[in-house]
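Presented sequentially are two complexes of subunit A, the first with subunit B as partner and the second with subunit C.
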Partner chain A sequence: MDYLDKLESRTIFIIREAYHEFKNIAMLWSIGKDSTSLLWMVRKAFFGKIPFPIMHIDTSYKIPEIYSFRDKYAKEWGLNLIISRNEEAIKNGVSPDKGRFECCNALKTEALKQAIKKYKFKALLLGIRRDEHGIRAKERYFSPRNQDFLWDYKNQPPELWDQFKSGSDDNSHIRVHPLLHWTELDIWKYVQRENIPITNLYFAKNGKRYRSLGCLPCCSLIESNASNVKEVVEELKTTRIAERSGRAQDKERAYMMQKLRSLGYM
Partner chain B sequence: MEKENMNLVIAGHVDHGKSTLIGRLLFDTNSLPDGRIEELKKTCKELGHDLEFAFIMDSLQEEVEQGITIDTTQTFFKTPKRNYTIIDAPGHKEFVKNMITGASQAETAILIIDVNEGVKEQTKRHAYILSMLGINQLIVILNKMDIVDYDEKRFNEVKNIILNFLDNLKIKPLYVIPIVAKDGDNVAKPSDKMKWYSGKTLLQGLDSFQVAGSLTNRSLRMPVQDIYEINDKPILVGCIESGKLKPDDEVIILPSNKAVKIKSIESFLADKKEAEAGESIGITLNQLIPVKKGDIICKKNDLAVVANRFSANIFWMSKNKINVNEKIILKLATQKTECVIEEIKQKINSSSLKLLEEHAKELREMEIGRVIIKTLKPIVIEKFNDIPGLGRFVLMQNSEICAGGIII
Partner chain C sequence: METNNKIKKRKLNLKKLTIFIIICIIIVCFVIFFSGEEKMVKSRYDKVFIIGIDAMDPKVTNKLINEGMLPNFLRLKEIGSFSKLNTILPAESPVAWTTIATGTNPGKHGLFDFITRNPENYLLGVSITKQKSRYSTKFESPVKGIPFWSITSDAKIPTTIIRWPATFPPDKVNGVMFSGEGVPDIRGFSSGYYIYTSEYFNKDEEKTIKVSVNDKIINSRVFGPLGTDRNPIEKPIQIKVDKDKAIIIVDDKEYPVKVGGWSDWIRIDFKVGFMKKVSAITKAYLFSVEPEFKMYLGPIQIDPENPVVDFTYPGKYSNELADAIGLYNTLGMPEDTNALNENAITDKVFLGQVAQIEDERNKMFWYEFNRFDKGLLAFVFDSGDRLQHMYWDEKNLFNVKEGLSVNKDVVDYYVKKDNLLGEVLNKIDNKTALMIFSDHGFTSFERAVSINTWLVENGFMTLTNDYNENDDGALFKFVDWSKTKAYSLGFAGIYINLKEREGQGIVEEAEKEEIINGIIKKLEDFRDPKNNQKVITHAYKREEIYHGDYVKDSPDIVIGFEPGYRMSWQSAIGGLTQEIVIDNLKKWKGDHIVDPSHVPGVLFTNFKTNNENPSLLDIAPTVLEILKIKIPKDIDGRSLIS
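On to the complex of A and B.
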């Protein structure tokens, strides 16, 4: 087994563990490279017949290519796709110019809360990685959230030897993070090896590309000439720029990310 | 060739310099993203601190404010030899379960000791935890040599104390290195202030370690994780703990002892003829027999032990105490059963390693017990040193882990 095989095997183990433990689960698909890689491994874990829905939280501000990519592969891979939007907030015109924090909170966190309530999900699979951002380095593979979605990072249950927290009786749900141990570069190498379809937004056009995908107004392009997966892998081997540097939420306030996250942001 | 990755935990008493060392390692190996130092300077200024290397790691608001690590953090650096993931384990007593969570993912460890303060309570407890987790590639570093004027005598004093203590735990560090994390002496570069030390620098020491070997050459043990019906056939899924398997192998399913043959290895988007330790796979059998999560697949004539009573060392880490004969859930690989601690033969302090009581009636937070466990259902086990994955277990109450244990 090589290094990527080991990462993949552990991820598949965690996906299967989550499904066995909670049954009523969903995977969040942002259409970005991480969650698309996670989806790829979810397909492998269940031999192409995924026994739970794949959910896209749609803020309505996503980059247009994201929607077409989503619909194409949802069909091709036979996904049970759920699209969740906080329609009321969208109707009321919530937008980043009225405050990024409020916007993320209403269009992502609230939309997710509504969906969990509607479908009564016990656990959600998310494609976050420890190397993405300092705060994410503190995550567990199985991370409980209480009814109000709060994350008590100071008092997290221990995890050892592939034994995780199991379901509990209160109304909380568990966030499951099967990609926690991957780095950005690992993901790209895996995308390259497995030939995973990835939206073109990650590849340079006229000297610019997206390194991290979010909503159109809050994501900026980085300078890059990497126009395919191979070139992205090469670029990342030498870069010294943080991955989420193009993300407005992270820059705005030193601790906005931590606050968003403890309030239930993905 | 892909560079290999090694998981490294840094353990030690609070304030002995873990965070500073990590900041130093990232800085000296050029592993910090551009702008990180500036960002930190700004954050520190907002909070009224001077910039300290230590803050590179402490990313929670509270951690920066209080200047202590609460939860484990992971970060990455590389040397020409390999990539490292550093796991920072909090050095506060109240965060021991976070420390264990971090350390259980590591294959190598650094134990850091402030040479001026010497060996403290958490130094010893962390050393015990490293030994319980079976991490035997260890480097001890004696930090803050600047405070003791780079004195060789003081270095040797503390070195002897810690070596003696580690000897009780049957661990022998590969190196004991005098460093100054703050200035970088003997971290990436040899120190010109400690000419008396001619051993390896920390990075040289780390690079001389081996990545954990595969268990493919051991006996086959595949814990069944789940059974899926795909296209009307049952597929047994799981991760192979040790050994290897292929179609037509004659296997026994434990604990029921049924003999069957492997019919196929199932995979999606790939074609597999053989599978080995570490792989998450799916298989089908040549007969339809009842199989459930927790069953262990072994090769014929090479079986694991089936038992409902065994001896173990456990480390209790929940605030709630546990009594002898109190019902609790045991999880071992994919097996799960109710059990009781039938007997606590010895109760031991996890820092001093002193015997607290023989034939004790209860265990409290941070106590070690040498115990006999009795399970409701028979379970499949191994000695930890033979097949680690079947020789270690956790005990759970209210769906949370409250103890880790090793079968002896």
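On to the complex of A and C.
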């Protein structure tokens, strides 16, 4: 079996297991490359007919292309799409310039909470990955406590707070992470192989592209000339690893020093 | 007459016989009494009460007893016993307290230093706050031996252990356990603080947060748990200032603080992910509002009412305690010695912080004491260690004075412990065996020794070409492993760069012994260039001092310094200094990581002991014997009552 086939079959297995186990589930679709790939595999898992809803948390601040992409493919793929918005907060004018945390909390956390309550979902499928920073050692596909969503607004892997005792407000549902074992590069290779439609926000225009998608005000562009999937794959293959490992090392060093210094025995 | 004589004789015989019998009875009684003392001690007591006083020093104790300042310790000495308590190498709290807990040498319990190394990649770690893996937020105990509280718990004896060092995460005991030194702050560190100031600064930017006051309002941030990118999660805070006071606003809650005073506990909830929060507590001290704003924010600690990771067993005990005594410091070492050492706070602020910690520790103490009616209670006080680190007055090398000079705040601490003991002695019943002890004593820290620099100068370590003498080279930055035979890390250890054991080892097993012998010989001959004094009392091969399954993890050589000397901080974390021995000019001027012969602890008991020269190893077997539990064969110490 090809490497990507292995990754895919593992993911499809988890998707089916989750559905079998919980029945009343939903998948969160941010319209980004990861959750769109996940959606692709969910469709494969159920031969094109997904037996549960696909949910989009709409903060009303998403980049316009996201909305058009969403509506186009929801129709084309015949999705049972749930769009969740915290209408009250939007009406009250919650926005990122009043604080990113407050904004994310109201428009994402609250909107999702409301939806879970309304539809009584027992589990949610999420497209999070744990490839960067080599934290695979602690991977967990089914996590009753993992409530993280940071990947969506910051281009960084999820925190490991699920390892901690839960401090969550809502423990009534299980998070399922079928993409945990994929890397950013794997995803792009898969997108390329399967020819998965991806919003063109990921491709360079005037030397810049989005590397991750979220709300318009909180998303920043990276320098890049990769204007299609193939070029993104090439870019990630050549630049990413060397560049990151250097930075990670310095950070690790600083972290270690800070930790040792905190002992006080100077 | 004859009959009379006979009668007289018989009477005399009778008298002799009576006397003989009485003497016999007395002798038998004596024999029973003495031979049975052990049994009597055992049968007399049904409870063991341990008060640990970290770093209580015999020199200071003796001096203050002689000056009549510790009447209750004197009383305890007279009822029972008082002696020095031999400590262990290296004489560090985590190693020493674990040795006490297990009754075994470090070779059996596996904890050898604050600082550990990964032999594969020479990366350093902190032993007492041990992550399960590099990015994990789960922790595991560094201790591999069996502490006495596990044995008493297995024997179904009620067991309460409060703030014992190196017990994080807490063990499951038959009762409660509250972990001591090793419990991290919200970032996983041992300490940390921030200074918020509008002053111009060019100091440690990591810890100084520049603020500006606009319309009497400061908008700033606090920093919480670290993400996997090692960046902290932030939270906005607002500070409203007035002439001599400020109000800190977090999550719409207001915390007033006056200039020259402390705030109450401030609760901060950090959003760490989707629908997840980590709750933390901290306290602020306000230095000034005008002309410049300056505020100290203490360690941001795990919230005992909503602990993100359990530091007590059972987990709900942390809440129970908060219900009983209010919010409290949860950090293993909440006394902010770093802030004082770095001149971020004044003595007044530091001592105020220590007083608050002591106050809450006393509340915890009485909370547990008042409900202690069976089994085992062990309670550790450790602020005295921090006070002595910062305020130790004795000198051994330079400016040596006649007699022992003891700082007033240190004296106060000992006196307060004496007052506490007075109350305890009045309250405990005669079924309680009381033991009070320390893990080590104290000495001065005047000169810092960089063993790594010594190894370079003596040809055992080679540096790379990019070595830059303005960089301390921490974490072995400039070490050329392909030409290095030995390296030092932690506060006492030297490791041979052994082939197949170390990631880039070059020393063959066959040449190891010779190199070790060479290093030891040279180290013991080494003299401080400044005063030509011997620096190292002894350097030990690990097999000389440790035995057991975990000796393999210990340094190959363990150094016992002379009083006045300690491993330099730079060398402890794998770095270098320009000279081998440098002056310690820091406020941190007392220490105890020297040869154990110089820094014994103390032992007080309310019963007679059988050994005038006890050691840390003897505590655990004594506890078990008093509680009538069979002492495991693996224990190295001997019961002090048998």
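What we mean here is this: the second predicted complex is superposed on the first by the 204 of 266 C-alpha atoms of A that agree within 3 Å, B and C clash if a C-alpha of one lies under 4 Å from a C-alpha of the other, contacts with A are read in each partner's own complex, and residues count from 1 in each chain.
Going forward, contacts are C-beta pairs under 8 Å (C-beta built on N, C-alpha and C of every residue); 3 or more make two chains touch, one makes a residue touch a chain.
Predicted, not measured: the structure shown is a model, and the values here were computed from it.
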Looking at A:E76 after the superposition, I want to know if it touches subunit B, subunit C, both of them or none. Which is it: first, second, both, neither?
neither
Once the shared chain is lined up, is A:E223 touching subunit B (first), subunit C (second), both, or neither of them?
neither
Should A:K113 be classified as contacting the first partner (subunit B), the second (subunit C), both, or neither?
second
Does the superposition put A:K49 against subunit B (first), subunit C (second), both, or neither?
first
Share the list of subunit A residues that count as touching for subunit B in one structure and for subunit C in the other.
133-135, 137-138, 156-161, 163, 165-168, 254-255, 258
Help me check something: in the complex, which residues belonging to subunit A touch subunit B?
1-6, 8-10, 12-13, 16-17, 19-20, 43-49, 51, 130-131, 133-135, 137-138, 140, 153-154, 156-161, 163, 165-168, 181, 183, 189, 194, 240-242, 245, 254-255, 258
Seen from subunit C, its contact residues with subunit A in the complex are 114-115, 123-124, 126, 133-138, 185, 188-192, 206, 225-230, 235-236, 271-279, 306-310, 315, 333, 337-338, 341, 389, 474-475, 491, 569, 572-573, 586, 588
List the residues on subunit A that touch subunit C in their complex, please.
99, 101, 104-105, 108-109, 112-113, 132-135, 137-138, 145-150, 156-170, 251-266
In their shared complex, at which residues does subunit B touch subunit A?
2, 4-5, 30, 32-36, 39, 42-43, 46, 59-62, 70-76, 85, 97-98, 100-101, 104, 133, 214, 225-226, 228, 230, 235, 237, 239, 266-270, 276, 278-280, 282, 293, 317, 331, 389, 392-394, 396, 398-401, 404
